[in-house]
Amino acid sequence: MTEPRCHSFAKREHRHMQLGIVGLGRMGGNIARRLMRAGHQTVVHDRNRDAVTALAGDGAQGVDDLAAMVQALQAPRAVWVMLPAGEPTEQTIAQLADLLEPGDAIIDGGNTFYKDDMRRAAELATRGLHYLDVGTSGGVWGLERGYCMMIGGEREVFERLEPLFAALAPGVGDIPRTHGRSGEPVRAEHGYIHAGPPGAGHYVKMVHNGIEYGLMQAYAEGFDLLRSKGGNELPEDQRFDLNVAEIAEVWRRGSVVTSWLLDLTADALVADPQLAQFSGSVSDSGEGRWTVDAAVEQAVPVPVLSSALFARFRSRQQQGTFGDKVLSAMRLGFGGHVENKRP
Amino acid sequence: MTEPRCHSFAKREHRHMQLGIVGLGRMGGNIARRLMRAGHQTVVHDRNRDAVTALAGDGAQGVDDLAAMVQALQAPRAVWVMLPAGEPTEQTIAQLADLLEPGDAIIDGGNTFYKDDMRRAAELATRGLHYLDVGTSGGVWGLERGYCMMIGGEREVFERLEPLFAALAPGVGDIPRTHGRSGEPVRAEHGYIHAGPPGAGHYVKMVHNGIEYGLMQAYAEGFDLLRSKGGNELPEDQRFDLNVAEIAEVWRRGSVVTSWLLDLTADALVADPQLAQFSGSVSDSGEGRWTVDAAVEQAVPVPVLSSALFARFRSRQQQGTFGDKVLSAMRLGFGGHVENKRP
Amino acid sequence: MTEPRCHSFAKREHRHMQLGIVGLGRMGGNIARRLMRAGHQTVVHDRNRDAVTALAGDGAQGVDDLAAMVQALQAPRAVWVMLPAGEPTEQTIAQLADLLEPGDAIIDGGNTFYKDDMRRAAELATRGLHYLDVGTSGGVWGLERGYCMMIGGEREVFERLEPLFAALAPGVGDIPRTHGRSGEPVRAEHGYIHAGPPGAGHYVKMVHNGIEYGLMQAYAEGFDLLRSKGGNELPEDQRFDLNVAEIAEVWRRGSVVTSWLLDLTADALVADPQLAQFSGSVSDSGEGRWTVDAAVEQAVPVPVLSSALFARFRSRQQQGTFGDKVLSAMRLGFGGHVENKRP
Amino acid sequence: MTEPRCHSFAKREHRHMQLGIVGLGRMGGNIARRLMRAGHQTVVHDRNRDAVTALAGDGAQGVDDLAAMVQALQAPRAVWVMLPAGEPTEQTIAQLADLLEPGDAIIDGGNTFYKDDMRRAAELATRGLHYLDVGTSGGVWGLERGYCMMIGGEREVFERLEPLFAALAPGVGDIPRTHGRSGEPVRAEHGYIHAGPPGAGHYVKMVHNGIEYGLMQAYAEGFDLLRSKGGNELPEDQRFDLNVAEIAEVWRRGSVVTSWLLDLTADALVADPQLAQFSGSVSDSGEGRWTVDAAVEQAVPVPVLSSALFARFRSRQQQGTFGDKVLSAMRLGFGGHVENKRP
């Protein structure tokens, strides 16, 4: 929380830069496009040649492999890896490390576990290479809205590449200013921060996603309560047949629970208040799990974040759990409750 | 926690008494039998004449209706109502109140909500009638093991009827004595207590059942973890194919998690380690719900007791919840995760 | 979810109307002001004469008691009661019921338990009086932002008084429209809805607050994880000293967890990232509790909403709970862990 | 779940054997004593010479270092390491590995993380050494009651050393037999099992402790509900002044929640129903944490086991959490609730 982090937004972000991008899926492709719109050059690669061709049509320089990418970039180079976390990212970074020169930087923009960042940064440092971990939120909306970025790594490297982050970020926009802030907007108000040393970017992003799980589950339970109020668990004179789409809509207007997630819920409910297309089986990704692991490691009680994760685990066991069968077996044992037997 | 509650077990429990019993289901019938084995007389009634006939064969005096029961009993009378909580119990007590005389007592041995006891006791008192609420644990095993009883109501009435409770209770048996207790065993060591004023018996029983839910869910989750360790959520070299029946058995022997519920689990798992006969849909009863309501009223955090209740609620929604669909809809909205759609 | 609820926003809301308001606290006073700004007349009363005088200065007609208010209003009258839920509201409504005439309407804008609304509406109906329950979100910001309202009661009465609700609501404003909505904005898009029969307004508001608890706790746990990452539960080389104020700020910009509650958190953290002025003891109000009770009644699993409530209960027991002492006592018993003894 | 695991208890357990024991704390010392009572020889070592001397007085052969222990044992040797998990155990095993010969076996009887067992067993195997991991429950009571053991490792090695386990185990005793079991009692009925390959013993013990946490928290919450029923959160006419010591006692007698943990609770409450000596700050150990991590890894919902762990985390933050302060800050922001400020 020292001063330098909060200093006002520097002017250097207007320099035009060059960036290599590996991985042109939905995220990587749009990152390249948003950078080019801001005047930066991109050198792009993907296993899928069609993705490369498409981006070349948008102005990028497409290359066939990582060696060609390194050739096409001027030192000190920067290569953004935007691949699935785990093996794909791990291998690509290992190959880049063999091709790059001291002073070059690798940026991992994926959903990497922050302890992997810490390990990698230490390894790359022994070869004179730099490493930034960028937690990126914004999903499919980033091309237009900009990406919210939490960045870990050496401060000097972050500052060198700052024009890229400034171009990707949403910018100050028309969001009302936080009370108590004044003067030139700081980086956070532009939508990106230098969070700390290697791993800090993905750590903050991990907690962001953990919170996201909790928020989502809070809405989910609330809508369940709205819906079940019309259902037959209750006597007829206790039921209300509530219009969930109207309720989501009205809550968007001046209520305390206003949020972007609520906006998305309102979108979905206006299309189909039954949400009949969904099976109710919900996936989870690494961040939600790592958040709970971090809480366990740090001895922080996270009943809401863990409940949200467990609700997803539970949602995928549509045939009942072994644990639930153990309950039935005990009930049969002590009370003679001959319940729930399969026909 | 005043002295009189802890005084040593009185001798008067050996007097032979007379008790009316309404409701001869599994519990009521066995209560009558256990009382008769101890030399007490019972006058019994049930809507089902066969149940009355069967008990008459065991030595009870069967009667056709409540009026006949009141006639057959000597004042001051005591009638034990052993019916499902709610309307059946409510109506029977109303009818008895019209038939009984001042000084008589009604005992509710069912699973009544304790605030209903408080209301009833106050109403009956205006008519000179007494009321005891008896929380009874023991289920199908009570005839042989005895019933554990938590009793609310006026102390004098409790003491007058104590020989009945003493006969129903398990007695001191061969259970090792609690460290620090000495002298003549107190009532609690015989298996029954006077818990307090009207409602206190069922309140204590309610909490007992709330705890029971929590204990059961703790075992259920543990056995889920044992079972899932062999499952395909894990890479093959991380799996253990554990024998849950053997594990339940070994934990019965000197481990910290030894309990009667574990004994029952061991019984079930030795019969079928898959528990294939159970669907995984688990019922709940009033006590588990009232426990959570009481916690809310008393501002006591009960994360375990509520989680156990919610796990049962969840187990019955095998088609997925509306809340889970809301989660999927949000995920589609912000991330383009086209997951889990129904075919 | 029938058509009439969704019909486009009617023109009649522009009629000027007259409203009695009882209770001129922060909410009631601002409601009066916002109505007067829109050209409506108000007749106001409060036990506190200064509050009446202040509002009279803003153009309201101040009265000394409820009888005078009823006199000052033209039939069919409408009186908005904006008092603490429970006795104050209950008594005021009882007094009004004695003063009003058939066809008049009482509006309860407070935080009443929805089953109390159902009871009251039925009682008042026997006297020819109407009753609307208005769940109101917006708090101290409502005068400027408008109030988000969820309204229960007879549709005809709601429609008669709709110009008042339209004036209090935020209106369409500059909030981006929900995808899939087109044509004339419906009521919900103006910030108020007719939720259903008596009680439905407060039921929806109750669930709103339940969700609010869950959202707040999700953020709270996340910020705990950010903060504890710099703390001494971890070895030094595992710590990050994160800037929570900057993180809250950056998440406001294009991230998935953007919300009004996050805005408020950012306000607070920029003022003091330690939040040193707060003791950590957090209050709760009726709605959070009733939400859990409703979930229990409707057999809906609400692990997140209940965890959020229990976290508040727990926060107020800063001396440790009896339950925690029971844990220590058991640990001493089975493991000889002589922990945590008081000096 | 294949046949050999369930075969009846072999006769070979009566052979007398020789065992090295490193670590003569409460557990290690009593293990040595129980083995010697059964006629086995022990060679013992501890950093603390007094502990060695004391055991020598009980018949053990004391040695000054690991080299002397290896000398004193006949091949194939077996050395039981009973030290704190982590570094002490890790280092001792590393030293032993350098001293022992192919065919010898190391037994880790501590509370090791099961993945560490898997790693160690693989490493030792490359040197021809065997490794057994023994999860041991029984605590301070084990010398008299016997130890409940869950053992992982190669079956042949387990069987070679089985007489030691048989001597340490409680044996069949007078525990009622599980329904459905007949014939010669299997190992589990004697109180030990071969759970599976390396790590399986500690995995099962870890789940055992996870369950233990859940059971304990269930009782803790229940007793909180009993106690708070007499407290001033409730209006006076709703309070019961319950005798928690008597309630714990009566539940030991024929109730569904009967368990050893309840026995311990009854012991503590009879000594002091206020438990005034305890601060309410409760420790946790590795197993409770690893259980939650395992659940996350295996996608098993464990709301009860995690809640129990989080309750302990929370109990240690007696000054309030940062998260709770975040809640207060939000409440101040949206509702003007000026709560809980420090004076």
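Read from first to last, the chains carry the letters A, B, C and D; within each, the first residue is number 1.
What we mean here is this: a residue touches a chain if its C-beta (ideal position, glycine included) is under 8 Å from a C-beta of that chain, and two chains touch if they have at least 3 such contacts.
Worth saying up front: this structure is predicted, and the values here are computed from it rather than measured.
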Farthest chain from chain C by C-alpha centroid distance is chain D
If you tally C-beta contacts across B-D and across A-B, the winner is B-D
In whole angstrom, the CA-centroid distance of chain A from chain B equals 48
Separation of the C-alpha centres, chain A versus chain D, in whole Å, is 39
Between chain B and chain D, the Cα-mean centres are separated in Å by 31
Expected list for chain B, residues touching two or more other chains, is 139, 141, 217, 219, 221, 224, 228, 256, 260-261, 267, 297, 299-303, 307, 310-311, 314, 321, 323, 334
In the complex, the residues of chain C that touch chain A are 1, 5-6, 137-139, 141-142, 145-150, 169-170, 173, 175-176, 178-181, 186-193, 195-197, 199-200, 203-204, 207-215, 217-219, 221-222, 224-226, 228-229, 231, 233-234, 240-243, 245-247, 249-263, 266-267, 270-271, 273, 291, 294-295, 297-305, 307-308, 310-311
In the complex, chain D touches chain C at residues 26, 139-141, 216-217, 219-221, 223-224, 227-228, 260-261, 264-265, 267-269, 275-283, 303, 311-312, 314-315, 318-337, 339-342
Within their complex, chain D touches chain A through residues 256, 284, 289, 292-293, 296-297, 299-303, 306-307, 309-311, 313-314, 316, 321, 323, 334
